[in-house]
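Order of writing sets the chain letters: A, B, C, D, E and F. Residues in each chain are counted from 1.
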């Protein structure tokens, strides 16, 4: 069952297309920069997605957590590796991160169920 | 020349000792948890310090950036790897991160000069 | 179709009335100050609502984005002007703002559909 | 009618159990520290829950507001005392806190209706 | 030795007078609201200053920590009570609060030395 | 006397050059996007700098406040217009913004003294 993830991905894609259709050069370039920041380079794409996941968790953004957790799937991180990363976020960001930790653990499970990833 | 780093480390050590001397069980346990969060586990200590560095940058804490950059030295990250991590922080956190990017680059250089690390 | 906006406005009005009914002098005065901050003065009401919109976006508050976008309607900003303001918010606040950019673009469209504004 | 509170508490309990089941030592210790921080000590448990409520409000976390408001019930704070604490949060945190003030007032009422507390 | 505190208080007073001299009605009213939020009411002034201290710590503002710690002095809180409040801030806000914890402990000591308070 | 501003500008320029010298494509593009976001477009450059100033104030970044206040000078905003913008930031961001309000007022004065702007 991946309904929450499916809805997030559908909304995300629909609204990103709406934003792109506004054809604002600055916004389009930002989206492009954002994509490129997570590509293989001096650090692997997987490590960068993990950095994105932890940054999203300490900044307490559920949509960003979901996005980076989905991207992390490709890198093949184990549950234990994801837990370790989220533990760093919890210690840095404090108990205010806990509601997002609950969300992140749910997303970890939803994605394993849906994609096995 | 590592004066700024030296002062930070001296102040950090002095005040941490002062805090420990208060002998508050909760605070002492928190400091212990904080240390353990960056030890080798499912993820390497180096990867975790990089996570700590990026979390510190997006939360815009110069002292935390310095601390994790110093800890990162042991893992032997190249400048290019540190730049890549800081680029992720910049894209996630936006231009408000730029003053901390300046600080981080300065710390990268100060540490190379002082410790070669 | 303006259902999301209608629900937000109904909930907002109902709870604001509940808060006022508590009759706490400090809270009532704060609400009054908040209203007055966006009235015409050395800067026009429209410019101030735009400032409120960008502040809401970088602080990542969807309800505040909706409120200021609704208030912006009276000032007659074009879509292009709203996109420019949101682009500033995106650059200052980074990719963590993107989920709120999606929300803001949706609200821009919902309000045009409902009120033509 | 306490449906929103019931759902929050059920989700919170289910996901906390899921997180504990992951058996990550750091995360488990953090949850333990979090619980202990609000126990009677030099300050009363009630005062500490009030501190937790205000911290949650200025950091703008609805789940955390609900949790501490529920915990505050045991200490027997009057509505007026809760309003005063929330007014401090409003003044410190600004109008960006207002959507969370609406949430907090609703939770105050829902809990009085459900538990009388 | 209270030099840091003396400088902070002198700068704070000088700039507050400068801000008042600008004679902006909204800003003046905000400063008035801010003062009144910490006066005795349903909660004691002391409890409210403690709420202000913890809010300042989780929002990571050293000047605000100093201001509320100075205000807390009048309420006669013991060191142990202040440590407990700061521990709540540490758990809620995470390790990113630690540099401000160092600052807060230093301010506790500086004020005891200077004023005995 | 503009010493604080002079030092800020010198440090800012020196470290920006250092960052550019690292030759990281993503970071260089981000800096370019950042510059372009404040150029004349559907909104005037002046209005955008005012948006940047308020965003900087609510996100509580003194360096960013200084930068945008300097940029605002070219647009010829009066003191009263700057006060109005800062009042919006104060109401949105709350008393935690006050230390940055003090900084902003000082910078307004320093720049008038140094450049008359």
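Everything that follows uses one rule, which is that contacts are C-beta pairs under 8 Å (C-beta built on N, C-alpha and C of every residue); 3 or more make two chains touch, one makes a residue touch a chain.
Note that this is a predicted model, so its numbers are computed, not measured.
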Shared interface partners, meaning chains that touch chain D and chain E: A, B, C, F
Centroid comparison with chain B (C-alpha atoms), farthest chain: C
Interface with more contacting C-beta pairs, comparing B-D to B-E: B-E
Of all other chains, the one whose Cα centre sits farthest from chain E: A
Inter-centroid spacing, chain F versus chain A (mean Cα positions, whole Å): 31
Distance between chain centroids, defined by C-alpha means - chain D, chain F (Å): 37
For chain A paired with chain C, centre-to-centre distance based on mean C-alpha positions, whole Å: 27
Residues of chain E touching at least two other chains: 26, 30, 33-34, 37, 55-56, 58-59, 64, 80, 83-84, 87, 90-93, 95-96
Pairwise touch network: line, ring, star, complete, or other: complete
Of all residues in chain A, those that touch chain B in their complex: 33-34, 37-38, 41-43, 47-48, 50-52, 54-56, 58-59, 64, 78, 80-81, 83-85, 87-89, 91-93
Contact footprint of chain C on chain D as seen in their complex: 60, 79-80, 83-84, 86-87, 90-91, 95-96, 98-99, 101-102, 105-106, 109
Residue ranges of chain F in contact with chain B within the complex: 11-12, 15-16, 18-19, 22, 24, 26-27, 30-31, 34, 55-56, 59, 61, 63-64
Residue ranges of chain F touching chain A (in the complex, touch as defined): 25-26, 29-30, 33, 36-37
Contacting residues of chain D [partner chain F, same complex]: 58, 90-97
